[in-house]
Structure formats: structure tokens, C-alpha cells
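Shared between the two complexes below is subunit A, which pairs with subunit B and subunit C, respectively.
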Partner chain A sequence: MNPTKRKILLIGRSGSGKTSMRSISWEFNFKFMDCGGQDSYLENFFGSQRDRVFRNVEVLIYVFDVTRKDTEKDLNYLESSVFALSEFSPESKIFCLIHKVDLIPEEERENVIESYKEEIMKFLSKFSEILENPLKVTCFGTSIWNETLFLAWSKIVYSLIPKIQLLEEHLHSFCQICDAEEVVLFERSTFLVISASSSKTYQDIHRFEKISKFIKHFKLSCNKAHSPFQSMEIRNRFFTAFVDSFTANSYILVIISDPQIENAAISLNIQVARNHFENLVQKTRGNDDNALVI
Partner chain B sequence: MVDLDAFDNLYGETKQSENPFRQQSEFEEEKTPKILLMGLKKSGKTSIKHVVFYKMPPNKTIELESTPTLVQSDISNSSFIKFQIWEFPGQLDFFDSTFDSIGIFDNCQTIIYVIDSQEEVPESVSNLAKTIHHIHKNNYHKIGNKQDEKTIEMNFEVFIHKVERLTDEGKNDLQNDIEQRVLELLSENNLENEFEIRYYCTSIYDYSIFQAFSKVIQRLIPQYATLENLLDQLVKNSKIEKVFLFDVLSRIYVATDSSPVEDDVYELCSEFITMIFDFSNVYSVGKIQTNKPIKSQDSWISNTFDNDINNEIDLEIDLDQNIQKNQSNSNNTNKSNKSSQVINERNSAVVKLQTKNVLYFYEVNDYLSLVCLIPEKDFDFQGLIVYNFENFRQAISQIFKLDHINLFKRFGSKFDLVNREKLK
Partner chain C sequence: MLKPKLLTKTLQQTNTDGINGTMLFNSDGSLIASSGDRDKNRTIAAITANIWQTYQKKSNDPLINSDLNVVMINCKEGKVIIKEVCKMFLCVHSGNDVPTGILKEKLISLAKFLEPSLSKIVI
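Coming up: the complex of A and B.
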């Protein structure tokens, strides 16, 4: 194994839901390290194995169980992680997932998540003076039963892609050139949203997660029938949708609402854009062999 | 077309249809086939109905309560084929002489008897035999006009249900045992040759229940042979591997070509429709109300079929005109085909598979869609396929429409398909 390969660290105490969360499995150009949740394991990570674990970390995901009241222990582990990271991987980003929010009654949910977030941020702010590099921390309330986990993972993937703004600009101009209503880029294996560009506003803010779910489900059905999915076109009186594999690690969705635009023209545009984006991705990657390539 | 209203209606169990296609007339009322769902209590009758017709996720069915009384459901909103399901509560004893069973069996074309394969199989089987005996004794199985002796026989369908834990071999053995036992019991009353009973192994956790229901429904369609014949022609001319005519809302297939149905392919086609609907719902939100100006020739809206139906009362008079209209339509399509314009205005979807096959979805009307599997190399000539599908669409609209006034034999299967050889 490449010793310098960077990794995503997933830490959380036992029962916090790390493993079920990984049902959104992914195979990136990253080593994915799921640190066992038993206290004895965790002690080890912060002790003898400290530099092995925290070296070359791109992202740390710390999973909190929102139903547990004894947050102190979690915060201590987080503190140890923060210091270890500042020593071995100062550029890394931290994501705190406040997990299992579905177990909180809906009317209280938002408040509970907010106060939890505050507690974490307040706790971490104590260290900002001691640490050399500013901390990059983001918190999410998540549940495996709704779109929140999908959103969190999408944000994490987004943070892993180098020069994502440049990609977004190009995606935006592609959307305009095609006269598309919306263009969405999905990561190939997970179907998480990498980036999107829309020329109109939609009411449905969870549409990416839904589309991702539908296509993923259908892809599984295709595999079950021993005929793997390749691409798709849907045409009705409201829109024409194209789903096609795009760059090496992505799929693209193009929504066109002008019925005058021929299917063949859209296909051709996708074809041309594919080469353009492949080149772009190669450029943004630069000399960094370990960057996440879409 | 993805009709969201129709989709919503799916959940209204006894809601009356507002679709002109479903217009209630005395004539139709009389012809509405009735399916009686029977079986011991807790055999899974209510679950079957909810999973197939109300899109209930299978794991939710455990929350359903037992059905205490006879429940009638009109399926005309969620299905192309108009029929009613009468669910017969398991604990109700209709052998009781005070029970008015005449009304129940009146106009009942199909009895689905559900046997729970995990519980009380012998009791269930003997109750089935008793039921058949009862029906035979009272002559309920002859349906139709008894005066002029034009009767049809009731269909007996047995669902050996909840087989999800059995292997294929286990299912076969169980089915053989049950068939054997039923024959023995019927022979006690010399009924073993009276009825042709069909058996299906079903489970709500896979597609077997949809497959079984598809076959049950197909037996209720008088024009089935014609439909199958049309689909065979379509397959031959368009080089299709397999085609299904789907009732899109229930995912039942109303007809298919005569080649055998592979479970995998049916399942994939069904999932394809589900995906198209789900996907379309997301991106049609907020657009349903906007009335885009629609050019008359542009059939984004399923105009031909629907107009025909709207006019169905005046049909007798307009008949010749209608046929002409259809002919001129096909002339138009023909012309535009030649001038290589895109003529595909109906809702459609294409999925390319890595096996070099294509899944193709083509809307027939609000209720029916064609879904087929075509080798990719034969799909490159899409215009031809669209042309054939369009002609098929018009042909079946005539079949179902004209049968209403018993004229279908005159015009039924007349439609024109083109294959590549002809085109050259």
C-alpha cells in the first residue's frame, strides 16, 4: 500500500452508528479508516498508534450519538484528535456528525442539534489560540433515515475535491451552453452530489438526494438482472433528462425543458463536455497523485 | 405521460373516477368484472391488495388489521382494466344458509383463493374444496346472461402465499401436494374435472405476486389473444427481445408477446417504470399547472386516444371518420419519418445497459405503456421503432374502444408495421 496515501478518519464511540452510516459506501482514491469505537481501541489510537493513525489525514469525521448525555468523554476524544491532527496533518478538515437525530422528537430536533453544535464549537474554540493552524470544523445533524446524511456526505466529498470552484464555473457555463434547466454531477460509486448548476430555482431542495436514491436503486436492479446500467434518457412533456457516465469517476445529469432541443444535440454536448472536463480534472489534479479525481 | 393525478388517485380506495375513460354507464356497470379474494383469516388477502394496488411497501403490511367485513374496492382508478376486488373476510361463514351469497357471487368472474403456505395448509385446502363445492351446487360459476345461455365460466386462481422462505424446489413440491390434495377432495363430489384451477406460488416480498396478478388479469381480458398476436408482430418487426404492455400504476402486465417471461426481465422492466415515475415526479413539480401552448400535431398530450374516448358516445356515427383520422395520422407519421424528423412526442425513456441491450419505455396512454428489451444494434434505427410503436398504440386504442360496442372484430387487428427489410 502506498504509505503516503491520504485517508478519511472515522471516529466515534461504540454504538454511535459509524458502521450503519457507512452503508453509503465509497471507494475513493482514499484510504478509509473506520476506527473501532470500543474505549480500549480509542485509547490505543491516541496512545501508541497516534502518529500512524493521524498522519496523512485529509478529513476527520467524528460521530456523536445525539441520544447520549455523557458528551464529556466524546469531547475529550475530539480534543485528543484535534491536537493529534494539528501535529501530524495540519491541513485536515474536521466534520462533526451529530448522529441519530431521528430519535429526537421532530419539534425539538432543531434546538437539540443547535445546542449540541454550540457545545462542540465552544469547546473547540478554547484551543484556537494554542493551535498554530486555524481549525476547519463543520457540524451536521444526521440520520440514516432521511436526507441529512446524504447532504453531509456530499459536503464532505465536495471538500475533498481540489479546485472545486473551477469545476463549478465550468459546470455552470456548460449548463448555459446547453440551455439546460439543471446540470448535476454525481460521484460514480456513491452517487453523492459533487456539484450542480441550475438556471431556475426549484422548490424541492431535496431533489438530488431523491434522484440519487432512485438511480442507485435502479442500478442495483440492473445488476440483479445481470445487465449493469450504462446511461439513460427520459423524455416527457415537461423535460428531457439525460444520465450518462461523465468523467472517470462521475456521472452527469442534464435536465432540459425546451422541447425544441433535439436529444442528439444534448448527447453531443455531453460528449464534447466529457473531454473538456477530463482535461480540466487532470489539470486541477496537478502533480498531486493522491488528490480525489472525479 | 406521467399523470400525477392518476398517481394520487391510487391512494383513494373508493374514489370515483373523473376520467372520461372511466365514465360510468349502465352498460359498463354491468360488465365490471368482479374478483373475489378469499381464504382463511390471516392468509394475507389484505396485504396482497395493498401491496399490488395501493403501493404499500411489503414490510408495512404487518401493521394492517384483520378485515372484519366484506370490503369492496374499485380498482378502476389505478388500473387500465376496470374491475372490483371484493375481499371476503376469513372468519365469515358463507355456508350459513342465512347468508346472502347470491349477491356476492353475482358477476364474479374470478375467485382468488389465498392459502398461507406457512399456516394451516390442510384446513385451507379443505375450505377451498368446500367453497368450490358450494359454488358448483348453487351454479354461481356460470356467469352472464342465463336466458340465452351465453355464460362464461368463473376462473379459479389459487395463490400459495408467503412462500418467501421456500426454495424453488420447495415451492414446486408444495404446489404439487396442494394440487393433488385439492383434486382428491373435489373427486369426493365428482368435481375433479369440472374446474380448471390455476396455482401460483406468491410472496409480497418479491415480484411473484405481481406476476400472478398479471396472469389473473390477463384471463379477464377478452381481447387477450389479439393483444398477444399484435405484440408478436411488433416483436418480429422491430427485432425486440421481449415486450410487456404494462398497466403503469399497478405494474401489472396486461399482455406480453408469446415468448416465455423471465422473472429477471419482468422485474427490471417494472423497476424501470418505477424509476421513470419517481424521477419524473421530482422534475415535474410546479410544472403541472402551467399550460404550455401545445400545437395540434404535437401530441405531447396523449390526444388521439383520449379524444377518441371522449367521443365514445358518438362513436357509432363517427366511426368511419375516426378510422380515416387514424389513417391520415399514420400517413403523417409516415411522411415525417421519411423526412427524418423526430416524431417521438410521446413520453418515452431509454436505458442503455452494459450488456449491449436497451430498455425502451413508450407511453400508450395514461394507463398503459410498452416496455421492451431490444439489442442495442437493432435500436439504432429508433425512428422505425417509434413508428411501429405508434401504430401499435393506435391499433390497441381501437381494440379497446371498439369492443365497447362489440365492433372490435371488424377492425380489430388491422395495423401496419414496417421492418427494415420492407423499408429498404
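Coming up: the complex of A and C.
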């Protein structure tokens, strides 16, 4: 199994924000094909190198810069990409990031994103008659200055995991069996959220991103000290949190708020679940050598 | 997998007729679940796990040459009895007024009851 086989194409014009975006995902298991973005360079990708670039693509991410007014040009690039994909990677998924939304006044943001979405969808709808496979397109408004980019990338990772529903069901049972308040699965290298199960509703919808950032930093410090991060337990008045290495490509976070529950019981359950999920992942992967293994 | 709350409830049911505490702990002496005074249980678990390990090490001695079955400790203030179940340890403790035979029977029947579930937890 070689995760680098999976290709993610990150396309966008020069200055649209691709390079700065990669800080959230540069550790990604997959190989990024960043098409530079300079207009002449970009044109090259739709010319002579077309088949090399668009073969074996799992996901195409097109980055729109909201501050640019000439959207037609972007739509044309997107059109060429979609055509190329339909030829060389017809099963691939397409994500459009409407990027730098922080530069739009907050009260207009929603509307601007919506109208972008509409424009993109309308533009792409004409393909439904031409192409054999229905297009799978999802749009997100994003910015490097808030949680939106983290959420969008988490959704992208989510879409890449085979049989994710099955995995979620099992995570949900795990949460219930453990009497946990919340259980979260993070992708190992990026610490993006793969899946979560909660037994109550939380006020803070940005908590995953905060936790992710926090553990990522801690992990980096551990690496600097040449003692790689394995797990941690945090206990305060309100809860106990366990972060532990889980399957080959994931970490698990378990939150327990019942003070009667002993830490050793949870550690034991995580150990047992680890084997269970590892088997589950093996099974769901089946013959698909390219699948993202969590 | 362990259901912590259910396990605690099960252990609680043993705490009758003078038994003060019942607990399950792992080989390093950390509580997995317990009923009764928690701090006391924690201390007893830590100490008895250590005692068990010490004796277990000796079990290879040609003079003994037998695995430990149960360990019973009589103290001035009470009695403690421990048994291994699926690589974990089950323990009950009581005051001195409880006959050792009864304490032992309770422990063994609890161990029998828990064993089928605990054996599914393969580590």
C-alpha cells in the first residue's frame, strides 16, 4: 500500500492562496500536484502534459480567489480541468474553495459565497448532459485566518475514506460503550478530523480545530526533543481527555466526564478498539490498493 | 470492550455482608473499576498488585513450581483477598468480622461471573 499513489490536484491561479493553504496539509500522505498557477504555466497543464497531470487523480481542488473579479477565467480553467478529469480520472471528486473570504465584510460573506456557489454549479451543470458520470462537486468558503479551511480540508479527507459510514457507526458504538462524552478520530499526519461521535452538544463548534492545533504543536515539540509523541492524558475538574495513537494513520481522542470512570479502563478500551478498527480498516480496504487507509 | 459504568455496578453488588470494597485492577496496580472507598481501593490495589508480582516471580522456583491461585492477607484492621482473572486482578476486602471462607467464595463466584466477559478483551 502506497498512499502517495493517490493524487490530489490543487489548482488555482497565481496568488489565489495555494501555497499558504498547504501549511494545513503539507504533511499529507498524498502527493500534491500544485499546478503553479502562473497563467502560462497553467495553460501548459491543459496542453502537452494533460494526460500525465490528470491521470489517477482522486481529488481536484480548485481555488477561487474571491478578491478577483475576472471569475470567467477561473471557470474556464475549471472547465478544462473537468474535461480532462472526465477523460483520465472519471471517478474523481471535485472541490471548489472560494478562498480569502476573510476579506469580505462579515455581513456580506454568506451571500457572496452563495452567489459563487451558484455561479460555479450553474456553470458546471451543463456537463451533466455531456458527461457519462455525474460530477461530484462540493464548494466551501474558506480563509486561512479562521476555522473554515480546517473544516473544508477535514471534509475533503472524510470524502476520501472508503466506507466511512461503517467506520462512523463503529466509532459511535465505541463512544457509547466507553460512556464517553465525545470520541474523535484525527488523521495522523495532518491532524484533520476524520470522524467524531458525541453524546451531547457542545457550545464551541471550533474545538476540533483548537485541539488539533494544540496537539500538532505538542507533537512537533516532542519530535524536536527526539522523543516522538505517543499519547497523553489530561485530567481536570470537568473531564479526562485521552489522546492516543490509534490505527496506522490515525489518532483518537476520548473525552470522559464521569469522574467514577477509571483511566485504566479507558486505556484498555482504546487498546481493544485499536485492534478492532485496524481489522475493520483492513476489511473495508479490500482490493482497493489506492484507498486512503486510516 | 469494558462498559465502565456497568462493571462498577456489578462490583457494587458484592459489597454486602461486611465487604467494604471490590475492585478490578491491572498488573501495574491501576484501578480499572472499583466500588467502595476509592482512595482506599487505589492504595490496596497498588500494594496487592506488587505483592502478587513478587510471589508470582517466585512461582518458578523449583520448590514452589506452581502458579499463584489466590493471595489472602490478614491484617490487624481487616482482610484482603486477590485472584487473577484474564490477566487482570479481582480483589475484595472486608473487616475482620467476615469469615475468610465467605470472602473467598464471594471472590471466586464474582470471578466466575466476570470471566466470560473479560476473556473477550484480548490485548
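FYI, the second predicted complex is superposed on the first by the 282 of 294 C-alpha atoms of A that agree within 3 Å, B and C clash if a C-alpha of one lies under 4 Å from a C-alpha of the other, contacts with A are read in each partner's own complex, and residues count from 1 in each chain.
To be clear about the criterion, contacts are C-beta pairs under 8 Å (C-beta built on N, C-alpha and C of every residue); 3 or more make two chains touch, one makes a residue touch a chain.
Bear in mind the structure is a predicted one, so any value in this text is a computation, not a measurement.
**Student:** Return first, second, both or neither, reflecting whether A:Val272 touches subunit B, subunit C, both chains, or no partner chain.
**Tutor:** second
**Student:** Given the touch rule stated above, what does A:Phe239 touch, subunit B (first), subunit C (second), both, or neither?
**Tutor:** Only subunit B; A:Phe239 stays clear of subunit C.
**Student:** I'd like to know which partner A:Pro228 touches here: subunit B for first, subunit C for second, both or neither.
**Tutor:** First partner only, subunit B.
**Student:** Looking at A:Glu262 after the superposition, I want to know if it touches subunit B, subunit C, both of them or none. Which is it: first, second, both, neither?
**Tutor:** Both partners, subunit B and subunit C.
**Student:** Does the superposition put A:Ile215 against subunit B (first), subunit C (second), both, or neither?
**Tutor:** Only subunit B; A:Ile215 stays clear of subunit C.
**Student:** Mind working out whether A:Arg68 is in touch with subunit B, subunit C, both or neither, as first, second, both or neither?
**Tutor:** Touch status of A:Arg68: no partner.
**Student:** If you count the residues of subunit A that each partner touches, which comes out higher, subunit B or subunit C?
**Tutor:** Of subunit B and subunit C, B contacts more residues of subunit A.
**Student:** For A:Cys178, decide between first (touching subunit B), second (touching subunit C), both and neither.
**Tutor:** second
**Student:** After overlaying the two complexes on chain A, where does the subunit B footprint on subunit A coincide with the subunit C footprint?
**Tutor:** Common interface on subunit A, subunit B vs subunit C: 262-263.
**Student:** Where on subunit B is subunit A touching in the complex?
**Tutor:** Within the complex, subunit B contacts subunit A at residues 1-2, 264-265, 267-268, 271-272, 274-276, 278-280, 282-288, 292, 300-301, 342, 344, 347-355, 357.
**Student:** Going by the contact rule set out above, which residues of subunit A touch subunit C in the complex?
**Tutor:** 174, 177-179, 258, 260-266, 268-269, 271-273, 275
**Student:** Where on subunit A does subunit B make contact in their complex?
**Tutor:** 202-204, 207, 210-211, 214-215, 217-218, 221-222, 224-239, 241, 255, 257, 259, 262-263
**Student:** Write out the stretch or stretches of subunit C touching subunit A in their complex.
**Tutor:** Residues 1-5, 7-8, 25-26, 30-34, 121-123 of subunit C touch subunit A in their complex.
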